[in-house]
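Same chain, two partners: subunit A is paired with subunit B first, then with subunit C.
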Partner chain A sequence: MMPLLPALNPGLLMVVMGLIAVVLPWQRLRQFLLVLTPVFCSVLLLGAERGVDLATIQTLGLNLVLFKVDSLSFIFALAFLIASFLNAIYAMHTDDRLQDGMAMAYAGAAIAATLAGDLMTLFIFWEITAVSSVFLILRAGTKAAYQAAMRYLVIQVFSGVLLLNGLAYVHGDGGDLSLTAFTSFAEPGSVLIFLAFAIKAAFPFLHNWLQDAYPKATVVGAVVLSAFTTKLAIYAFARMFPGFEILIWIGAVMTVFPVFFAVIENDLRKVLSYSLNNQLGFMICAIGIGTPLAINGAAGHAFAHIIYKGLLFMSMGAVLYRVGTVKATELGGLYKSMPWTTIFCIIGAMSISAFPLFSGFVAKSMTMSAVGSGGYTLVWLMLLFASAGVLEHSGIKIPYFTFFGHDAGHRVKEAPFNMLLAMGLAAFICIAIGLPMIGGLGYGWLYGLLPCTAAAVADVCLSSGEAIKTYQPYTLDHVITQMQLLVLAILAFMLLKRAGLYPPERPGTILDTDWFYRKPGYGLAKWSGDVWLKLGPAMTRISAALFHRTFDRLEAAFSPRGALAREGLATTMSVWAAALLGFVMLVVLFAG
Partner chain B sequence: MILALTDILPALLVTHAPALLVVAPMVLAPLVAMLPSGRLAWGFAVLGTGFSLIMALVLLGQVQSVEDGAVISYAMGGWAPPAGIEFRIDTLNALVLLLVTGMGFLASIFGWPTIKAEIASAKTSMFFAAYLVCFTGLCGVAATGDAFNLFVFLEISSIATYVLVALGAGRDRRALPAASNYLLMGTIGASFFVVGVGFLFAATGTLNMAELSLRLEDVEDNKAVLAGYAFIFVGLGLKAAMFPLHQWLPNAYAYSPSFVTMFLAATATKVAIYALIRFLFSVFGLEFSFEGASLILILMPMGLAAMIACSFQAVFQTDIRRMLAYSSVAQVGYILLGVSLGTAAGVSAGLVHLVNHGVIKGALFMAVAGAVLVYQGTSLNDFRGLGRSAPWTMTAFGISGLSLIGVPLTAGFQSKFALVQALLEQGWWWAAIVVVFSSVLAVIYMGRVLEAVFFQAPLNPNKRQKEAPLIILLPLWGLVLVNLWIGLNGRFLFGLTDGAAASLFGGGF
Partner chain C sequence: MSTAPERDENGRFVKADRKAGSPVTPGGEHPLSKVLFGWVENKRTPNLLLLAVSVLSVFLILLDFVLHRHDYISFAETGGFYAFWGFGAFALAVLAGWPLGHLLRRGEDYYGEADTRPFDTEAEE
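Presenting the complex of A and B:
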């Protein structure tokens, strides 16, 4: 390889390629590049030396580390690369330069942020993810999407602003900006940075942007969005806040509360968005535990999650593309027309529900074991409830209402080949990393990538002081516990459905907590705007009237008549000048 | 590189650079006025401003040749200061001169197509003459070391500006009241300033700024000095469009010829701010107990009010040039906020923004001028879908717009970051919050335009695909590249502003 290449952050390369793609008019060439880039970047990533600053620049008196790899950032970056590869294939049926390019730039920014070696670099790419991803929502072209995109952008940029303020505190306090984990909230800037991450990770009450924006994105957009933003936040938490106990509780709440929304929601992409939230809860909870096993759980879960959540969004995207809706009430019986999509969707559903032999199982087991051995019984029970909930709304509801259930009579074509190919590859990965070890294939491949293994140890693994042990997912009790849970949950679904007690799907909007800031917030903004519009001229009128009477002499002294009578502006301003002069005189006299 | 320039040029040019910088365009002005052809006049204007730019680079090289920044003192006509008029160049002057001449040069290159379209051909030569006079005045303000001379140059530039603004009447009759308003207000500002200088002269007996600063220390409690301070503060504040004395600005920018708007937005208020900084920190100096009070009680609140109120006003504008004009007042607020900190870091941040805002607004107004030239109309609706019809022009507009908001990797981010850092250093976190809030407003008013430009379909679908002429695109993209360069590597600019601030606080003159 050329000597320059090892120092090239693959994410940065992808951002550049994405921007090039935006202006590249030839569809086939562009798509070829977009598929090839992640592959090339993977080579760069695999070849990168671990644990050293590979590229640095000096600016603003800061030392920016543009590229640094360790075992924690490696697994996230690799997952992002795989996702962007699959997404590029999935997007091939469209000819949309802006969407293609921005999807790549967005993925690249997320990767570059993951591979950043200091807070400032992280911040820069953090903001680029926000700005580039908003196009994926905008391209849906509807008014609702436009408004959601604007809300999304404001919130994402606000997160970046918090991060910037936080890092300014860290820097102002003499702290260096390297990515060393915080030890407590007493450290300057830690609270601001925590909040910045929390917004991106969609913590409870900060989560609404996600369910607001993702379901309104384009077919491809939702798939792309589901992979990067939130997982970047998970990475950032694992990096900066491992072992913060508050995360355990936040994570537990986060797994539970979306279940209720997801079960009654009608828009299936919105169901997936809620379920995304719930999955993030598991990872946050694991990061809160902070032991090597838990960190492994969070990272492994994130890896598996990126693939299977992408797969589920892909399958729903294919349905949306062909049928034109993903409302549960309007779907059903699609397995006849879209058999392959059905199979892939079921594989994704079984992965997210953590069936043994699927990727979700080998990843989530680590988190559950870490929580169990940490002695958090209540949390463990909450996670267990949430697991059942996942099965309910993602594992069963999604495939059941779309592909089975009552036949809605849609007779459509199977999804385009490129979509099937992307889904097939994703499904293959879901199974390949979930199987027990058979001839080199199986969960060992995923476990080899984990951040806390004997072979590779990320800094954060040592913070809790616990030893690194190898973990076996396929033990009898793990499998039996999980199967009991799954079978009972399926049984419950069947019984409720039979008895007619399962909450029926109704077309409608479910109010989430964001109502509280969206409606009154919009009202307030509109009201302030009206007030401003009315107040401005009124104030000018009042002041002009006042000034005309009081300062007739001044007016005559300073300006000829005609111009003033027409404009009225110079009067006002000369009065201002006089008033300010008087004020300055007073200040100066009294202070001096 | 700049040092090499000093070596190449003949020694005579180098020694007399401070004078030549100002005199060259001044001498050219009457010459240009007599030229029969507008095109020839344009050529001379480019030459004149280009020459001044080279002189400014030479001065910068000389100032930077010493570690802490040298001070060049040039006695006009050989009359030694304090009796004679002194031109005095330190890092701060050199920086402002570079901004003015650089923008003046780019403006004169870019100006030809828009002037040809907007000014009657019989008036073109006179127009360029007025422009050169205005340019001379601005350079003079930034170069001189004599308080009364500063007033003279300020008036030279202002009077020429009134003419330039009024010439917009060919396109829009509202330029006439705008110019007359500006004339009235500018005259009030100048009168205040000269009254203030008069008070100082009465109290100290000198007009040389360096000498003033020495003698003022002895007459600190003199009420005349206090009155002089107040008059100068308000007079320069008015010229600098300090809130609430900014009301002359929006109309003047909105209705004057495109070329004039672009040049004024990038330079005129900046030079007035320079003069304000010079008087606040060099001539008076922070030892005066009343000065700190006036910074905190007047400059800071006015800066904050400008950032909020004018950003709000920008949000509600439908005319792009008016919107950018209001945004300019808000940006002046940022600069004054930095200055009001009264610390080296604060003034440095203010200066960085002063330069960056010149670059940003210059590019924005250039792009608008280009679009107006080809497509007519300055309202938001006229700009819909232009991203597709004129991608090069509008991409430059977009990048500069993002920079105005303060997006990382652009110059605007560097200055806002420096400003927030300086604010937090003093514990003014509430002011930092206002900065952030005002940035959100900037996102709204710029975002509205960018959305219309890049995402909405054009109002008139038959609009043909046409870029602004190359002669506009070249200086425009030059500015955008400078912007990105500062955004990626601000070391050069920060070095200059830190040096300028250090010399201001290192004992004035």
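Presenting the complex of A and C:
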């Protein structure tokens, strides 16, 4: 048994454990296993040899590499494992076999996909993430959640279908399905695979499944969902499309547009979903730059982001759990009854806003420097705008309207202990990897995990041809400029609020591009359905009538009792034969 | 945790009366809140905070003129550039909320999904 263990993809083990958990009725035993599994899997991951195919199988004429670790997949897989460990703790107050099991299977599928060594294996786990995660939305039990879950599933599976199509082209071209980065869109399959990843990474216009589904998921579900799908897509982009210039611009747009939606959105879990989109933009932009520093920025940002975004979703989940709503209009003053949750939320908010001493700062600095040194002035300005935007919606709006602001009068209990524990651990990580290096602790821990360092170089780091340099986030310039940006933005908030220019929170649904498929698109589909329902029987009637008439005519002419038989050879038949002969001669004449 | 949904005599599901945001678990004020956030309730706090942030802002901008910063983008080295950009970006994002709200906001039940409270909240029991 023991020799098998090093070849076991930890993600696969988690998928299996998740499926077992679904049928385990004993709450405490199940939760014990679910907390222990990510720990055990982390040990497997840490012990895994880098850069070799650790498990392969031959099937359908394909060579599947089930388990391969390099420094790029390692940091993503580790972040996923930490997230699933925290999520398992966060879910302990509920006794829900399906949710517990599917959360673990989903996390496992994302990890297994990250640690896959070829496109086919990636595709298989890509689809398992879609199918397992949908339960986290469905379990919310509302009609809205059910419908959103169906839309989510269709879009996610479509992404998988595109990926499968793309890999078929790659296979047809040379048969090599290994995860080598594309160099241009001229390569067969590259466009399809790009689109498949783009859907999961929630590119502009393809993003609405995220804001549609995540805020309707269960309390625990939204926390789990926030970590995996989109970051798996980020990993996939970093692996397959590093240095594609189009990603720089897509990423920049992605950082900017959610800012405007997040300002006017009332549902705070939806605000976090828009904020998620904005954060993904930074990572996509960095992958587009493609230099070692930028790839490090994308990976480091993803790692830090998984933790602080999870923390923010956890804090909103705790509020939703206790109060029953996360609508900004119905909240306020919760610091009085949920002070711990307030503190943890503020730590998450400061991390995502990239305040110095917090994880977002050390991660985002790399991306900003990579964009700046690449000479992309406009992109750099857009990212800087988006940084102030993040502060607005995630740094100020979320904690201010929930815990401070106008007191809505809710006097609830503090969040359950397990939730506080999960939030506390996440908050600890946010600070621990954000601090300057003091006595071996600080950002160096995160930087040691990065894909492009002197100690470990993933293939993608070499694609740009630039040398790997060490990066120092805590320079006086970085700290001062970041503080200027943030403090003046806070001043803007205070002044606008005093002047009554800050738009008040209002209940309502904010239209986004999903309107096109949810209103006109759905209307068209429904109309086509109605038309078909009426047209179908009518067409059947018409074709039946035509068929009957033709048959009657033919029978009248050719049957033993028909016209031709009655008249005998001499008359009708000879006329027909002459006509047919004439026709054949005409054809020969013109054709010849 | 979840029990079988309640049905009426016709077998239809009984929709629970969901008054949004009604706290169901009365908890009162947390003892820690006074210690940690008691200062928030002080009448002078908003003014003091504004003063503190204003002073810090001026200090940070002045630093630009004392130290010579280096930047990848040349115009970013101009004194107070980041401060100006942060203030402007924030104000733009927030002020854009007025017209965008008018343009894009519809009723809560626009898509027929006003009720999005998941089953695993305490608030119903």
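Operating definition for what follows: the second predicted complex is superposed on the first by the 541 of 592 C-alpha atoms of A that agree within 3 Å, B and C clash if a C-alpha of one lies under 4 Å from a C-alpha of the other, contacts with A are read in each partner's own complex, and residues count from 1 in each chain.
By our rule, contacts are C-beta pairs under 8 Å (C-beta built on N, C-alpha and C of every residue); 3 or more make two chains touch, one makes a residue touch a chain.
Keep in mind that what you see is a predicted model, and the values were worked out from it rather than measured.
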item: Which partner, subunit B or subunit C, touches more subunit A residues; value: C
item: Partner chain in contact with A:L589 - subunit B first, subunit C second, else both or neither; value: first
item: First, second, both or neither for A:S373, with subunit B first and subunit C second; value: second
item: Touching partner for A:A186 - first (subunit B), second (subunit C), both, neither; value: neither
item: First, second, both or neither for A:A454, with subunit B first and subunit C second; value: neither
item: First (subunit B), second (subunit C), both or neither touched by A:I438; value: neither
item: Touching partner for A:A168 - first (subunit B), second (subunit C), both, neither; value: first
item: Subunit A positions touched by subunit B in one structure and by subunit C in the second; value: none
item: Partner subunit C, residues of subunit A touching it in the complex; value: 94-96, 99, 139-145, 147-148, 215-221, 259-261, 263-264, 267, 320-325, 327, 330-331, 335-340, 342-343, 369, 372-373, 375, 377, 380-381, 384-385, 387-389, 391-392, 404, 408, 410-414, 476-477, 480-494, 496, 498, 501-503, 506-512, 518
item: Residue numbers on subunit A that touch subunit B, as the complex places them; value: 58-60, 123-124, 127-128, 131, 138, 150, 154, 157, 161, 164-165, 168-169, 172, 529, 532-533, 536, 558-559, 563, 566-567, 569-570, 572-574, 576-577, 580-581, 583-585, 587-592
item: Residues on subunit C engaged by subunit A in the complex (per definition of touch); value: 1-2, 20-30, 32-33, 36-37, 40, 49-50, 53-54, 56-57, 60-61, 63-64, 67, 69-73, 76, 80, 82-87, 89-98, 100-101, 104-124
item: Subunit B - residues contacting subunit A, complex; value: 177, 180-181, 184-185, 188-189, 192, 220-221, 223, 226-227, 229-231, 233-234, 237-238, 244-245, 247-248, 251, 288-290, 292-294, 297-298, 312-313, 316, 407-409, 414, 417, 420-421, 424-425, 432, 436, 439-440, 443, 447, 455, 488-491, 494
